[in-house]
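Note that the chains take the letters A, B, C and D in the order they are written out, and that residue 1 is the start of every chain.
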Amino acid sequence: MKETEIITEERPKLKNPTVLIGLPGIGHIGRIAVDYMVHQLKAKKFAELYSPYFFPFVIVHDDKIHQLRNEFFYWKNPKGRDLILLIGDSQTYDPKGHYEIAGKIIDFVRGLGAKEIITIGGFSTGRVSEKPKVFGVITDDEQRKELTRHGVDLKVSGQIGTIVGAAGLLVGIGHLRGLKSYTLLGETSGFPIVTDPTSAEAVLEILQKILGIKMDLSKLKEKVEEMHEFIKKISDLQNQAMEQMQRPKKPEDLKYIG
Amino acid sequence: MKETEIITEERPKLKNPTVLIGLPGIGHIGRIAVDYMVHQLKAKKFAELYSPYFFPFVIVHDDKIHQLRNEFFYWKNPKGRDLILLIGDSQTYDPKGHYEIAGKIIDFVRGLGAKEIITIGGFSTGRVSEKPKVFGVITDDEQRKELTRHGVDLKVSGQIGTIVGAAGLLVGIGHLRGLKSYTLLGETSGFPIVTDPTSAEAVLEILQKILGIKMDLSKLKEKVEEMHEFIKKISDLQNQAMEQMQRPKKPEDLKYIG
Amino acid sequence: MKETEIITEERPKLKNPTVLIGLPGIGHIGRIAVDYMVHQLKAKKFAELYSPYFFPFVIVHDDKIHQLRNEFFYWKNPKGRDLILLIGDSQTYDPKGHYEIAGKIIDFVRGLGAKEIITIGGFSTGRVSEKPKVFGVITDDEQRKELTRHGVDLKVSGQIGTIVGAAGLLVGIGHLRGLKSYTLLGETSGFPIVTDPTSAEAVLEILQKILGIKMDLSKLKEKVEEMHEFIKKISDLQNQAMEQMQRPKKPEDLKYIG
Amino acid sequence: MKETEIITEERPKLKNPTVLIGLPGIGHIGRIAVDYMVHQLKAKKFAELYSPYFFPFVIVHDDKIHQLRNEFFYWKNPKGRDLILLIGDSQTYDPKGHYEIAGKIIDFVRGLGAKEIITIGGFSTGRVSEKPKVFGVITDDEQRKELTRHGVDLKVSGQIGTIVGAAGLLVGIGHLRGLKSYTLLGETSGFPIVTDPTSAEAVLEILQKILGIKMDLSKLKEKVEEMHEFIKKISDLQNQAMEQMQRPKKPEDLKYIG
């Protein structure tokens, strides 16, 4: 496996789909929001992404091997534009890998007719908020009006300087390739919690307005609790590996199994 | 040499071969188990794998240069499925390299008609066991019954979170590419011994049942003693290099010969 | 995005153009000198360069996302050779990336008929100079006379040993590919100022003589003040990232948004 | 420049040439020995090798830019096999780069009909020897007799475990590709001298016997003195860069010119 590849089980015919991206990150807000949508909308999995830029290990979960991956789902919207939903449980540790993976995703969804891409992330403020805001960062002046109207706060600038990793690059490269692209960031404390369903709910409420769809959000906390353990395990193992890669090694750190 | 390559001396015709993989790792259990099978079955070498992701040096052994490599052997089974046996004396230091090497191996053995891949490794428990267990991690629910029947313990989960390197990725990518894939891990203390023939023997006993073949295991310890010095030398040199690469350097560490 | 790419909006027809390169660096002398020329000459943007070797983030500026890039402009000279002007706001952190990016730029401008390339940088002396010198480093003996005649000081050798990054490699690779290539370095203190318009002005005065064009330099300081904040922001964020990549990490350093 | 490339000025017709490789290393023994042969034999330069795996800077020498490179020369032997001589002033800092560069060189010289490759390096013993030995490490049993006959000492094994970098890989990959390949290592103290002409002379004496050619070695010390300053400059700058790359960085270490 020399480069990032997307293995397609089915090639759905979609109407100008909007792409929602939920990758791992602070509070796993994107990941749990998009995962919840997949469950609520009964979206269908149709492709998986694998990358040599993911960590070089497999996860042992129960008695089975889980290969690190991202997963694509689609949902045919009876009343409007279809959706492509991307859920990732993997990060890359490699700066160049972020570009390769983001580029592959953009090429793939453009091939499926996508016209729009929304990445979902978290923005950590250092304080707990009962009613978390949803911040937006845009690529085109004409997005300002639509997002503000739906309650998105565009004043995150000044507070942050960069959006690191695929969540930012997908918007940047998406824009370059002619897609309408922006990011929504759920406000979160940034305290070492793994999943922040309150912030994810705030994002989902706004996403419903933007997409013009209606979902039952009452089961979000319950669903997140179910996913929590697996998300935490994958997340912890990758964070440990990231940390281990980035600090000077002593031989006893090398826990090589195989 | 820009990418991993496999140099083939002969292209054997094989009946749905099972692939056994013995790469370097804790206790070198896979490496010595598969090496012993090669000797006992008089398997024939037919290909070698070289990779730019191996360490950038050659080993000086006696008065000769040994280029780091993996070696492929085949054995024609008069009574059942043929075997492909892969023995590696080299690790990669590069996360992306693990993916490239594992991918190349899977593509190669699929081209030879392989239907099944079993990687063999060690699992370090921190205590010496007189009768080491053999743990299995599977990729498909239907493997559970067969492995349990042959005495494989599937309860390693909870104890480990990841299988690092090619031993894990070969199973993950093998599964992705449609091969029946699992790993067997011989229980070993993890104390700084180089080779653990007792654990390798436990794995070989179970492998004989799984593969339906019979080997004389009585010469294993003797054979491992013969191999021990060379395995230790290659292993030590690579571990030193790995360690040196991963820690901040002072100029006097750069022992550049050439 | 697997490799550096140049996205062309327009393919101008140019007469043996000279290429001026202003990339980020000490005092941002090249960047602000070339940027000022673009404004004064009303040069037209016709292409952008993006690279997976840039930092793996996007900049949040006001409420919009800015993807790291370099920008190509052209100016049709009514009285002489046309100009291609390249302004970069991005560095690469990757040694190999410098070669890839420099190679792409050279191939691209050769395809546009370029015969000559001049990179502009800063040379830090550790003292403030009221009348900064402009140093030149050449690739061909016959450049010596022309540059000296225009007031370029060729005696920087002995003071510096290397020119690091694209500014040096563009000249080296340009020369290899048959372009007339040299670099001009504006003397600057190297004190932690972000932009040094005095040194940029000294370079522009000499460039006017070399190129035989005339520009109003009186608005340079004012223009640099306008650009200063954005240049400083992009520069600071990349320097922080560079620093963070190159030192051992603690988990709390990973400010991952997304 | 995405990969190592060899730029050919002339494509000489050669009779089964032997390739002599003198790359940078301990005491620069290979580099100065081959360089001296080039001068004595008046060998003709016909190609240059450039690589994105070299350091990302150009050298400022006098008032000119020197791009890091390796250089190929040929010598038509009136009485026997022709020679290809390779002199390198550049190292790579990248493990994978060593493989790419060595592979390119082997492919190139095979394309020129080469049948044999001899790399020349230094072996540091920690003590000054008035009459330095020349050690050999071979790839084929039949080389043993020839080398011993010419005074090469094959007993370096036990003292060293690896030959790092291109000097070793060229022999390993050369052997893989069917060339007769071995390395000669001149004994040297390893004390921080830059060039060791005494050891280079010992290697040249043996090389003359092996190749059946006769050279005047009396001007070697004088010639090395002439080259010394430039070799030291390039070597020091690369060693500094290597050191800087491999240790945690503080921002003030980044002496970025451009």
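Going forward, contacts are C-beta pairs under 8 Å (C-beta built on N, C-alpha and C of every residue); 3 or more make two chains touch, one makes a residue touch a chain.
In this text the structure is predicted, and so the values were computed from the model without any measurement.
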- Task: Using the touch definition from the top, list the chains contacting both subunit B and subunit D.
- Result: none
- Query: For subunit A superposed on subunit C via Cα atoms, how large is the rotation, as a multiple of 5°?
  - Reply: 90
- Which chain's C-alpha centroid is most distant from that of subunit A? D
- Task: Same or different, please, for the subunit A to subunit B contact, judged on whether over half of the interface numbers appear on both copies.
- Result: different
- Note on the structure: dist(centroid_CA(subunit C), centroid_CA(subunit D)) in Å evaluates to 36
- Task: Mind checking the centre-to-centre distance between subunit B and subunit C? Centres are C-alpha means, answer in whole Å.
- Result: 50
- Message: Among all residues of subunit B, which ones touch two or more of the remaining chains?
- Response: 248
- Item | Touching chain combinations (by label order) | A-B, A-C, B-D, C-D
- Query: What part of subunit D is in contact with subunit C in the complex they form?
  - Reply: 1-2, 7, 50-65, 67, 93-94, 233, 236-237, 241, 245, 248-251, 254-258
- Query: Mind pulling up the subunit B residues that touch subunit A in the complex?
  - Reply: 3, 23-26, 30, 91, 95-100, 102-103, 119, 121-124, 136-139, 144, 154-157, 160-169, 171-173, 175-176, 181-183, 185, 239, 242-243, 246-248
